[in-house]
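Each structure below is given as C-alpha cells.
Two complexes follow with subunit A in common, the first pairing it with subunit B and the second with subunit C.
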Partner chain A sequence: MTGTSLAPAPTSRPPVTPRPRGAVSALFRIEAVRLLRHPAVLTGLLLYLALWAYEWGTGGLAHRYPVLQDEDRYSQVPLLLVAAGAFIASNLALTRAQRSGVAAVTDLLALAPWRRTLAQLLAPLPLAMLSGLLVGARVAHLAAAPGAVGRPSLLELATGPLIVLLAGVAGVAVGRLTSMVAVGPLVILGMAIFTLVGAVTLGRPMLKWWGLVAIEDEFEPPLPADLMHRPVTAHLVYLAACAAVCCAVALARSGVDRRIGVTAVGVTTVLAVVAGAGQSVTVPGDVAARRSVAEREPSAQQTCRTVDTVTYCAFRDFEGRIDQWSTLVGGMLRHTPPDRAADRYVVRQRLLFGATTSSVSISPPLAVWAADDARAGTPGAVPVGTKWGTDQIGGDAMLSFAGHFAARVVTGEPPTEASALSVCRSRAVLVLWLAATATEETTAALRSLLPRTGGSVVLPLLDSSLGLSIGRQEVSVVRSLLDRPADQVAQQVIANWAELTRPETGTERAASLLGTRVLGPAAEGARC
Partner chain B sequence: MLTTVRALLPHVFRSSRKAPPVLCGVLALVLAALPLAVSYRMEIPYAVTLIRVVSVTVALGVAFALDDPASPTTQVTPTSNLLVRLTRIALSALPLVVVWLGALLLCRAAVPAEARPYLPVGGLALEATALLVTTLAFAAVAVRVSAPTHGGLAAMPGLLLATTAVTLLPDDVQPFAGPGSTRWDASRWFWLVLLVGAVVVLASLLGEAGHRRRRRSPAVAAPAAEQVPATAEHEARSRRSVA
Partner chain C sequence: MSHPAETTPGQLVAVDGLTLRYRRHTALAGVSFTAGEGVTGLLGPNGAGKTSLLRILATAMPPDAGTVRILDTDPLTTAGRLATRRRMGYLPQQPGFFPNFTAYEFIDYVAILKEITDRRQRRDETLRVLAAVGLSDDRGKRIKALSGGMRQRVALAAAIVGDPRVLILDEPTVGLDPEQRLRFRELIADLGEGRVVLLSTHQTEDVSALCHRVIVLDRGVVRFDGPPPQLTALAENRVWHSAERSPQAVAAWRTGVGTVRNIGVPPAAADLVPATLEDGYLLLLDPSAATEVAA
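Our next item is the complex of A and B:
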C-alpha cells in the first residue's frame, strides 16, 4: 500500500486527439455484426435457404431446365426475404435507444449523432455482400443442372444485393423519421403491395420498374440474351439513387448542418426521380431489328446438330436444349415403324413475338419460315419454342412440341393450317398417344393438362392461333391407352400404322385396332 | 365476470397501444376502397389477392395486442391474467374484424355483380382468421420467452417474413391457392391446421405461467369474496369524504 500514489497524472501527457473516423469504423463493425446476428435477418436468410433446400429436396431442380438469363432475375424475388429482414433489423437498431429508455443518455456520447447514423448506414454492407454470395451460389447451382442453358447477366445478379443494401439504409432512414416500431413493417407491406401491383399491371409495364423488383410476365417465352431488353443498368442507378435519398434523409435528421442536409435530400431525390424516369421500357431500335430477324430468319443466328436422323437447330444460348429435344423425339420415333423413324427430320427453334401479350392469338408467319428453312437447306422443319419444363407452362409447351412433331411424322407434312386440320379421328389418337408417350414428362404434362381443358386438348404452335385440336373421344381413347404398357401399344401401332395414319380412318376403328374402345359421345360442334 | 370485465375495460384500453391497430385498420380500408375509388371492375383472382393483402394488414394490427409494459407490476392482482389478456385481444381484434368485414364488402362491391357468387368468402375468412390468430400466438410466444413489450416487435416482422416466404412456395404446395384451382380445397386444410395449432399455442400461453401458478397461495388465488366488501366499504368511505 505504501507504493500507492494519489498524485495527479503528469500534466505533460499529450492531449488525446479525437479520432471520429476510427470511432465510426468501430461502431460500423459492431452494428454490422449485430445486424448479421439479428433474428429478423437470420429468419430471412433461413427462409431463403429453406425455399432453396425444399426445391432441392423435392427434386424440383432436377426437372427444372433453367434458362440462366431468366434465372438471374428470378433470384431477386426470394432475396426480398433477406431485404425485409435487413429493413426490420436496421430500423430496430435505430429505435433501440428509444425503446430501452436511454435516448436522452445518447446525447452525452462524444461521437456526433450524424457520425453514429453514418456507421449504421454502412452496417448493411456486409449483409449485402453475403446476399451477393448467396445469389452467386444459387445461380452456380442452377448452372450445374443438366438442363441449364443460357448465360446470366451480372447486372441482374447485382440487383438483389443492392436491394438488400437499400432496404438496410431505408430502415435507418425510417428509424430516424419516427421511433414508432409499427411503422417499419407497414413500410415493408407498402413496398410489397407496390411490387405486387407492378407485377400484375401488365398494361403499364413502366410501373414495376419504380418498385424494387421488376417481375416479368411469366407466360412470356424466354429469349436469347442478346434479344432481351430490360433497363437493368438504369434500374441499378435508380436503386442506388433511392439508397442515396435514404442516406441523405437519415443524415439530415441526425444533426448535420441544415443547409447541407436539405440540399443533399433535394439533390438525391431529383437524382432518383430522373433515374426512375430513365428506365425506359421501350425496346430500342437495334434490339427490335434483331428481334425481327430472329423471328423471321433465325437460321443465320442458329447452330445445328444432327442426332440420329434428326437435325436440330437452336439459338446459341439454347444449344443445350438439343439434348432434351432429341430425348423426346427419340422416345417418339421408337414407337413408329422403322421406315418412318429413318426419315430425315428437322427441328428448328422459333420465336413468335406478341403471341402471349395480345388478347387475340396471332398467326405464325409460316410462309416466311418455310422460305428461311429452304434457304438454310432444312425444308419442312418442325418449330419448337424456347419454353421448356415440367411446370404447367413448360409442360404444356413440351407437349405441344411433341404433338406437332408427331403430326409431322404421321401426316408427313410440316405444320401448316392444312396439315393441322388433317389431324382428326384416328390420326388425332395416334398423334396424341405418340406425344404423350414420348417421355415420362410428356405423359405427366398431358395428365396435368386434361383437368384444365374439360376433356379435349388443343396443342398450339408456339402459343399462336395455329394448333392441333383433339376432341374428347380421341382423348378418351388415348387415356385408356396410357393405362397399358407403351411398348405393348407400340407393337399394335406399328402393325396397323398404314390404316391408323389414313385420314378417313375413324376413331372407333382406331380404338378397336389398338385394343380399346371409345368412351362417351363426340362433342357437339366438333371440328372433325 | 362481466363486472370485472367492465371494470377492466378502461384500464386495459388506456394501457393498450392504439397506433398499430388504427394504422393497420385505416390502411386495410384504404386498400380495399381503391378499386371502387378508381371505378375498377375487379376479376375474382384480383379481388381474392386484394382480400388476402387486407387480411395480412388486419393481422399486423393485432401484433401489439399483448404488449403490456406494466404487466410485471400486475402479476399478483386478483384478476386472472387470462381475463386481462383476453380483454386486451378483444379490444384490438374486434374492431379489426369489423374492418375486415367492411373491406370484404368494399372488395365484393368492386367485383362485377354476375361474378360475386364465385368469390370464395368462406375460404378467405378462414385464411384471415388463421393469420390473425397466428399473429396473436406469435406475440404470445414472444411475450412469454422475451419481454412483456416484445410481442409486437416479434409478431409483426415474423408475420411479414412468414407470409412472404409462403407466397414463394411452389404451386403444388401453395397455401394461397388461386380460387377455382385444383389446389383450393387442399389448401384450406393448411389454413385449418394452422388455425387449430395457433389456437392451441395461444390458449396455452394466455394464462399464468406454470411456475407462477404453482407458487400462488390459495389466499391470493381466490380473494374475490373478501375483495368485494372491502371495495364497497372503501367506496362508501370515499363518498362520505367527498360529501
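Our next item is the complex of A and C:
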C-alpha cells in the first residue's frame, strides 16, 4: 500500500533544528516566486511591456526626442499597473490561509504568524527590483534614441519600484486588517481616484505629492536638470515611511509584542506625516535665482557649436539637440540663395518661465536677451525653446522655431515686435513655406496644425505673446505649394528671392511668382 | 482543585482536570487521562467535547482550568506551546487547502512553517511523507484537482511532515469511502508505532481495528478509559438476536439477515450473540444503562 514506512524516523536522522530565520528566508523565496507568477502581477507586467512594445512597434520611439530628466518620472505612471498587481497578489497571498481554512493548521505550526507576515512583507522585493530593471531598460532604450537629450535622475527612477514595493506591503497590511477579498480592489480604486485628483488639481501642487505619483503639467517646456525642482528625495522618504507604516501595521496585527507593535505603528505614522509635509513644493531661493539667470542671461551656462555657417548655443543638458536644429536649419537654407545661406546666423536656446501657466500671454524679454547676446558676441540670435518633437506640443514648437529662423533669413533681423509685424504678404508665404519644407517633420507639423487653426497660422516665440501671424490667404498659397516637389518650388524661390522678400510684395504676386494662385479671401481684420 | 499533570515514563501526554466552557455550555468538565505510544481512540457523540479537547491539546486554545503536559512540556505556557508545536502534528476535522498549490508545494510550504529550512532535507521529507500517504505519483497535481480522499491524504501528510512525536487526528476518516477508510487505517496503524496518536472518531470499527486504548467522552466527561476489549466486555452477555424487537432494549435494529439485534434487555426467544465494541459503546452512553454499566 504505502511505499514508505511511517514508523518514527530512525535516531540517526538529524533532528530538525529550529531555525525561524531560515524559515522566514525559505518562505520569502516561495512567496516571492508565487508573487512574480501571480496573474495580477503578470498582467501588470505584460501591460507595461505592451505599452512599450506598441510605442516601439508603431515607430513612436523613432520620432521621439526624449528629454531624459522628464522621461524618468514618466516611467512611474505605467508602473502603477504593476503596483496594482503587486497589491492584489500580496493581499490574496496574505489572506490565502484564512480564505481556504488552512489557518486552522498553519496557525498551530512552529513558525510564528509574525514571522510569516515578515516573509510576505519581503516577498514584493524581487518584483520591485524587476520593476527597477524594467524602468532602467526603458530609460536606456530612450537614451539610445538619436534625439535623446538630458540625464535621468536616479531618485525619480527609484520612485516607481518603491511604489511597487509599497503597493506590495500595503496589500499585506490590508490583508492583516481584513480577509475580505473585495477590499483590495476598493483600495486600488481609492488610490487611483486620489492620484487622478492630484493630477487634475495641478493648481494645488501639494496635493499630488501626498499620492503615489506626482504628475507634472506636461505642457510646461522641459528644463535643464539643475533648474528643476521636484521634492523627489522627500517623496521617496515619504513613500518609504508609508511602506514602513504598512509593515508595522501588518506585524502588529500578526502577534508581535503589543507594546512594540503599537509603538512601531505610531512612530512610522508620525514619520510618514512628517515626510509627507516635508515635500516642499515652493521653489527654493537658489533654484529661483538660477532660473532667473538662465532665463535672462543664459549665455554663460551654455555651450556653443558651429555647424556650417550657423552657431548653436544650448544648455548643457540639451547639447544633443544641436544636431536636430542643424538639420532643420540646413533644410531651410538649402532653399535660399547661396549668399543668404552663407550668412552667419546664431541660434540660442532660451527659457521663458510662466509662458504656459500664466493666464495672460507674457512678452519675451527681448531687450535683455539682446544684451546677453551682445555680451556673448552672438548678436541677432534666434531663440529656440526646450520643447521639441512630433506631437502637438513638440511639433508646434519645432515649426515655430523654423518659422522664426526663416523670418530671420527673410527679413535679415532677429525676432522683435517690429520684425514679426513685417512678416506679411509675400514674406509670410516665404517664411511659412521655408519652415514647412525644412524637414518632413515640419511639413507634418503644419499639416497637423492647420485643422486646429481655421486656416491661419500663428507661430509663437517660445509660447509668448510675440508670434508670427500668417493669414489665411498666405497659408492657402503655402498649402498649394506643399503639393509640389520642394526642390521645384525652391528653384522659383531662389530665382525670385529679391522680390519675394520685399515687404511690399503682395500675396497674389508671390503666388504668381511661385506658379500658383491665392485661394479665398483674406480674413477680416487681418493684421497685414 | 487539580494537580499539575505529569507524565511518567511511557505516558507522553497527561491531561488533568481540563475544563472548558462556552458561555453557559460546559464542553469539558474536568477531563483527565494519560496517553503513551500507540493509537488512543477518542469516542463520543456529537457535542461530547472531543474536538474541544483536541484543540486544547493542539494548542489552538487554552482551557478555562486544568493542566496539560505533552512530552514533558507545558503547552499552556508560551515557551511550552512553541516546543509542543515543534513536536506535534495536527489534522483538524475540516482541514483547509491551498487549491492552487500542488500537493508537493503544499507539503513543502507546511514543512517550512515547521521550520525545516534546509532545502535538501525539506525536499526529502516532503517526498517521504507524500510517498507514505501514497501520493508520490500525484504530487504534481493541483490540490483542487484531487479527490476528497486524496485531499485527506494530503492533510495527513501535512500533519506528519517533520516526523512529530505526537499526532492529533480529528475524525480523519469522515467522508471517505470504505476503500479509502481501509487505506487510512493502515496509515494510522503505521503512524502509531513509536508515536502518540490521539484519534478522534465516530467509527467504532476504526477504534477496534486501530486503538490499543479508547477514551469515551460524553458531555465533557470521561465515561470510559481502557483497552477496547474492555469496552466490548461491557456488552458481553447483553446482545441478543431475535425475531422481534425488545421494547426494553437500549438499542435494537433489524440486521441484514432479517433478525433483530437487541442490546440490553433481551426479548423472548432470543439468541445470545458475541458483543462488539459498538455494543459496549452504545450501552455505555445510554442513560438508563449507565448506572448498571458503572456498577
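A few comments on the model shown:
What we mean here is this: the second predicted complex is superposed on the first by the 510 of 528 C-alpha atoms of A that agree within 3 Å, B and C clash if a C-alpha of one lies under 4 Å from a C-alpha of the other, contacts with A are read in each partner's own complex, and residues count from 1 in each chain.
In this section, a residue touches a chain if its C-beta (ideal position, glycine included) is under 8 Å from a C-beta of that chain, and two chains touch if they have at least 3 such contacts.
Quantities reported herein were computed from a predicted structural model and do not represent experimental measurements.
Within the superposed three-chain model, A:Ala110 lies in touch with subunit C and out of touch with subunit B [touch as defined at top]. Once chain A of one complex is fitted onto chain A of the other, the partner contacts of A:Val102 are limited to subunit C, with no touch recorded for subunit B. Of the two partner chains, subunit C is the only one touched by A:Gly22; subunit B is not.
Legend: residue contacts after superposition of the two complexes on their common chain; A:Ala418 is shown touching neither subunit B nor subunit C. With both structures placed on the common chain, the touch criterion links A:Glu55 to subunit B but leaves subunit C unconnected. Of the two partner chains placed around the shared chain by superposition, subunit C is the only one that A:Ile30 touches, whereas subunit B remains out of contact.
Of the two partner chains placed around the shared chain by superposition, subunit B is the only one that A:Leu92 touches, whereas subunit C remains out of contact. In the superposition on chain A, none of the residues of subunit A is touched both by subunit B in one structure and by subunit C in the other. Every residue of subunit B that touches subunit A in the complex is listed here, in rising order: 17, 19-20, 23-24, 27, 31, 46, 49, 53, 56-57, 60, 63-64, 149, 152-154, 156-158, 160-162, 164-165, 168-171, 182.
Across the interface of their complex, subunit C is touched by residues 1-9, 13-14, 16, 18-20, 22-23, 25-27, 30, 96-97, 100-112, 116 of subunit A.
Interface of subunit A with subunit B (complex): residues 39-40, 43-44, 47, 50-51, 54-55, 58, 60, 77-78, 80-81, 84-85, 88, 92, 99, 180-186, 188-189, 192-193, 196, 200, 391-392, 451.
Contact residues on subunit C toward subunit A in their complex (touch as defined above): 58-60, 82, 85-86, 88, 90-92, 94-99, 108-110, 112-119, 121-122, 128-129, 131-134, 136, 155, 158-160, 162-163, 165, 183, 186-187, 190-191, 193-195.
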